[in-house]
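Presented below are the structures under discussion, each in the form of structure tokens.
Next come two complexes, and both contain subunit A; in the first it sits with subunit B, in the second with subunit C.
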Partner chain A sequence: MSAARWRRAMSASVGVSMPARSADVPRLVPLPVLATPKTFWFERIGARVKPRHLVVLAAALLYPFVASPFFAYQIGAQALALGLIALSLTFLGGYGGMVSLAQMTIAGFAGYLVAIFGTSSVAGVSLGWPWWLAAAFALLGATVLATAIGWLSVRTEGIYTIMITLAVGVAFFYLAQQNYTVFNGFGGFSKVAAPELFGIDFKQPVPFYFVALTAALAGYFLVKHLVRAPFGIALQGIRDNPRRMASLGYHVTAHRVAAYAVAGFLAAVGGLLMVWYNGRISPGTVNLAQMIAILIIAVLGGMRHPIGAFIGAVVYVLLQNFAIDLFVRERFNLVIGGVFLSIVLFSPDGLLGLWAKLRSSLSQTRISQPKRRRP
Partner chain B sequence: MNGTWRLTPKQIALWLLFGGPVVVFAAWAIPDNAPLFFKTLLNGLTLASLYFLVASGFTLVFGLMRNVNLAHGSLYLFGAYVGWFVGEHTGSWVLAVAAGFLSAAVVGLLMQLLVFRFMEGQDLRQTLVTIGLSIVFADLMLWTFGGEIYTFDPPAWIYGSTSLPVIEKFPTFRLFVLLAAMAIGVALWCFLAKTRVGMMIRAGVDDRGMLSASGVNVQLVFATTFAIGAGLAGLAGVVGGTALSISPGEDTRYLLASLVVVIVGGMGSVVGAAIGALLIGLAEQFGLAYAPTYSVVFTFVIMVVALAFKPRGLMGKAA
Partner chain C sequence: MRAMKKKVWVRSIVGMAAATALMGSAWAQEALKIGLLSNLEGPFAVPGQDGYRGAEMALKEKNGVAGGKKIEFIKLSSDATPDKAVAMTRKAVEQDKVQVMIGPLSGDEGIAVKNYAKTQPGITFVNGSSGAQATTLADPATNFYRFNSEGAQWMVGLGEHALSKGYKKMFLISEDYGFPYSQVQGFMASYCAKGGKIVDKAWVPLGTKDYASVIAKIPKDIDALFVVLGGSDAVNFLTQYEQTGGSKPMVGGSITVDQTVLNFKGKRRESLLGTASAGPMADSIDTPEWKKFVADYKAQFKDGFPSPSLFAYLYYINTKATLNALDAVKGDLSNGQKAFRDALQKTDFKGPAGDIRIDANRNGVGTTYITEVTKAADGSFYNKVVKAVPNISQTLGLPEAEFKKMGLGSRDVPDCRK
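Our next item is the complex of A and B:
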């Protein structure tokens, strides 16, 4: 039974009178059906948008104009692209309960498809289609791969998902590295650049930043909308108690595979941004370290809310770029591993969890203890 | 599983479906190039032995404690490095093996006592912690030992080559690895099947709550199992390091291999780890020898097919 039918059934039963059991119990008069006030969509949005949302949005929009091109491109656009891929993991893991390490694989596969279908330095493999056709097919292909990975992974449960997606991701890495006819092996594809549209060259920092920002905002709002829609609520129910949801009549496997498909689409868009950002794609983009980096980003920010993915991505990219100044450059892995470890050990909900704890501890009202009187 | 040896029609069909192509391939390959076939077979068995040694510890820890220890590869590498240093200083390879086992066992014990004991029941969090630990360990080892390749110095009686019937020469050490893995496998099986501690471990794999309710000190059993599992990884590190070599990327390689082996063979089952290791080791070597570009695809196809038929692995528990 779908959630919509349930709602209709519940609202239809309002106003039905209760039959009296005996003569002494007064008959309940039928209640008038309460009219739900008709709200307009902008009123609903206005009720939920807080000042802090507007501040963040304004900051994100104005950022490239106040920051240097390096900061706008290297930090900003990269954080947005990585954040989008991590968002797919947050959606799948935080709301679906399935932590998949193959999100970077799907993103990389989308990048590879763009290079294979579009133009790149390897003329023997690339088909040379126009960029929008290549991008569309890349998104489609990566979503199909995500659905396949999902179909494979949902047959097992819980902790097996990490293992299987890890194995699938590494298998894809080795395939990309060893296959020369399709994936061009170790070298990969280079000169895969963002297109030029309406006279704007999207390879430049500021235009590319806005493309990335648009995609990131679209992904963020999609996830926020989905988790409140019947599909998202059902998904969270399946995360919490799949057996109960199955007994309620929900098709658990279908919901899970659909979640993988949605997350795969988000990761594919992120992968598109990554390949345009880097201008190249190679097996190194989808190796084990990158797969784990996405997990680190998602956990760092906190899987309880979609914004966590972007917070984690910003922190990760900042650490990556400035670890040289703070620590020895080669020890970046130690730094990021140490940060990740401390987050998981002491604040499993990531930075968002730390923030929530901080807020609740600051706003706790002190309850004064009554003084004990000595008799 | 019933006690009789009768196979159901479905089992017969599965054996034919998967055994058939293998028999056909063997019938083609042996007359074609017999030394290559048997050399690949022995190489595959050696690799399978190595994978079994690493995967058996992994599957024990998962089966009993539901802890996917993704730092298992780091334990392998750590045991290898410590074993190498002990071997260099004492000049004895046997001491190196013992040092590898003990050092990894100690690290595993510390991990269980200091970290995982406080995270009972939180499977995902434990896995994330092991991922973090593996990243930190890998970088610490890279820092301490550097990026160069270390090779071992095994004693003369295992070094060199023996001549075998069809193949002229085969490295003796690899035969040694094969025999050692079989011996350790049998020893592990005896430990699990015949001793009290083994009985407690098997009971814990089946039902942890009941084990605790029957008065067994579950934390002691957990610590012992983690130590043994980690120690096996360290021992495999020294053995594998002698057969191949030690370098910083080896921890990831063996972690992934044991992951695939345990997925195929079934969690918590040492016999499953043996079967999985055989399948994966042979598939990898035959793939490398006969179809180099697609060898990784074979391993992957085996994993997918095994999961499609038995989502918990070939010897995994039903639910």
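Our next item is the complex of A and C:
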């Protein structure tokens, strides 16, 4: 109820402007309010869809037919799966103001659960449930874990949140590495395959790409929807000023824990894709380097908009695969580090920030409008 | 006018770029691309680099040409995780279009790459230095070749040697993953059969720093310790064992008593003398082939180790077998690489540390060297070869049925407590 009131208050002043920018300097010219009392859903969507959205969607749909199977699978599908995990961090960090390092842990936990409930090479541990049941319980279990991690860490802020989620992640890594009864220790599980459905083998590059694309699109639109919904608006309010939100009657902790749960679900879907992609899971999938990789992807792409996670993932995967061809082979990590550093150095908002800068400078030179004065 | 000039410039640059690209691809058709996967990141980054050195040595011996074609290595790096090893192998095969792939470095990577090999029947995969038993024993791939022997084979003969030294009851301390399981099995298969007892096993996670709880569990009435730890784990264990006043003699795994341990400076250093271990090579092999190998390594790599490591040696023999087979078929990789694979199967040459041959599962049948720590004239310690055991098969000298009954090495297999 209170959230609805908050939304009304918000929409009176900024309408449906991009909530992600609410942290920015307020704009001098408020965007026009689009919401008229009675419109059909497709009209509302149509008003928002711009040519560039269609271009990106068409490119994503046509990509596997143009690209080689290697590009469809190892670059495309992997970037979508990693992007989905990074998206969960973008949602938490960009809209909730909570940077969690444990997103890869949640994804890995979902992957482990699929292997444990479903079929794998370790017959002594795996229960052999049908894939859909295993996947459903994996998503559920990982979301519960995410909620628990959230419940544990929401009482902290900033660097302490990072520390506590780091601790959880590293603890899980060691648990997985040393427990043999459930996690099968160092070796982990292999032969965890994507299912075959309606005569389509989803292990194959192109079908798997579309599974990943569907999941990524669903996750993307879920986040886009949520950040405009009362819950998301309240979450952003909490990010910007938790005290004021608390005094307005919002349950700050509950909103934050809920944000962890949503992000956890997204990460779990990403983890499911990762385990199907690799066909296996072992402690190496959830080690410290992988946990940090998710943060790198999110920061690289930019945390101001959900698409940043996917842009970051594409750049990350391309670098992981091709940096070794660019320079002295023994020194390829120098290339990866150099690119990451220069992106963050020249654009603290990641690649999205670079794009925004480029666009604003282009539009300024074109119409040569006077510089905006800050209010 | 100016714009015109600029256009001409741009066009000529584009033209030149296109010409270079074309020339590049034309040259690439002359060369034969071989993928070479080792580690440049993660825990095996330093040994991984020595792996590349071994492969380069084999190529240099042939002046960079095999089967009448110039050989170009496409070097790739993993970080010892199976995920990365498969991702990089897939890139080499599907993107860089290599026809022969050499690698990877560690056991679990090897199993993952073998599984990937099954999806690429047109490509031939040769092992780098990975030594998991399951790679060629459980569900092998017909296009995956391993010219080196693996972890269990490297320990054959050490069990008898320990018994001959009077070690009838031993206590095992080992890292808890695939490679040590194999090593322990290789040792125990003959040790247990001939009447030895491993009274208890302590499995510790890779990278353990504190061994106090393990040391407290060591029984008083044992004859010796069987220590299968590597690198810093071995040094940490020895230091702490010394500090608690332990004095039992030791038997080590293939990577336990290496240079890092021999350079260990504690009081207990003297007690390392006589420590037995075994492996597919040893620094002090006294044959002209080995001495030439070491001399070549030292001449070619000024930045390398004082002596070629295990990884350099294993990559060397696997690469050499590949290049020899290419020579034998004159670079003919047609017809699903059939002739090439037949040549690989027939491989038989004298390597630096014994003959290189493979069995029907395409796994190396090799020589194991049993060594003991000895003091050299200058006071330094080294591993002296006391015995060479040739022709060790992957079933550890047992008939296949008997070996299958025992199963692959694991935490509980084999077992001889009482």
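Convention: the second predicted complex is superposed on the first by the 314 of 375 C-alpha atoms of A that agree within 3 Å, B and C clash if a C-alpha of one lies under 4 Å from a C-alpha of the other, contacts with A are read in each partner's own complex, and residues count from 1 in each chain.
Methods note: a residue touches a chain if its C-beta (ideal position, glycine included) is under 8 Å from a C-beta of that chain, and two chains touch if they have at least 3 such contacts.
Since the structure is predicted, the reported quantities are computational estimates derived from the model, not experimental observations.
Peer 1: In the superposed arrangement, which partner chain does A:70 touch: subunit B (first), subunit C (second), both, or neither?
Peer 2: second
Peer 1: Figure out whether A:280 sits in contact with subunit B (first) or subunit C (second), or with both, or with neither.
Peer 2: second
Peer 1: Quick one: classify A:147 as touching subunit B (first), subunit C (second), both or neither.
Peer 2: In the superposed model, A:147 contacts neither subunit B nor subunit C.
Peer 1: Which partner does A:204 reach: the first (subunit B), the second (subunit C), both, or neither?
Peer 2: Neither partner.
Peer 1: If you stack the two complexes on chain A, which partner ends up touching A:321: first (subunit B), second (subunit C), both, or neither?
Peer 2: A:321 contacts subunit C only, not subunit B.
Peer 1: Determine, under the contact definition given at the top, whether A:253 touches first (subunit B), second (subunit C), both, or neither.
Peer 2: Touch partners of A:253: none, neither subunit B nor subunit C.
Peer 1: Using the touch definition from the top, say if A:178 reaches subunit B (first), subunit C (second), both or neither.
Peer 2: In the superposition, A:178 touches subunit B and subunit C alike.
Peer 1: First (subunit B), second (subunit C), both or neither: which does A:333 touch?
Peer 2: The answer is both, since A:333 touches subunit B and subunit C.
Peer 1: Do any residues of subunit A touch both subunit B and subunit C, and if so, which are they?
Peer 2: 174, 178, 180, 330, 333
Peer 1: Touching subunit A in the complex: which residues of subunit B?
Peer 2: Interface residues on the subunit B side: 66, 68, 115, 123-125, 127-129, 131-133, 135-136, 138-140, 142-143, 252, 256, 259-260, 262-263, 267, 292-297, 299-300, 303-304, 307-308, 311-312.
Peer 1: Give every residue of subunit A touching subunit B within the complex, in rising order.
Peer 2: Touching subunit B from subunit A are residues 99, 152, 155-156, 158-160, 162-164, 166-168, 170-171, 174-175, 178-180, 288, 292, 295, 299, 330-331, 333-334, 336-338, 340-341, 344-345, 348.
Peer 1: Which bits of subunit C are touching subunit A when the two form their complex?
Peer 2: Going through subunit C, the ones touching subunit A are 40-41, 49, 52, 75-77, 79-83, 86-87, 90-91, 94-95, 108, 111-112, 115, 176-178, 205-206, 411.
Peer 1: Would you pull the subunit A residues touching subunit C in the complex into a rising list?
Peer 2: Those residues of subunit A that touch subunit C are 68-71, 73-74, 78, 174, 177-178, 180, 185-187, 190-191, 278-280, 282, 284-285, 289, 320-321, 324, 329-330, 332-333.
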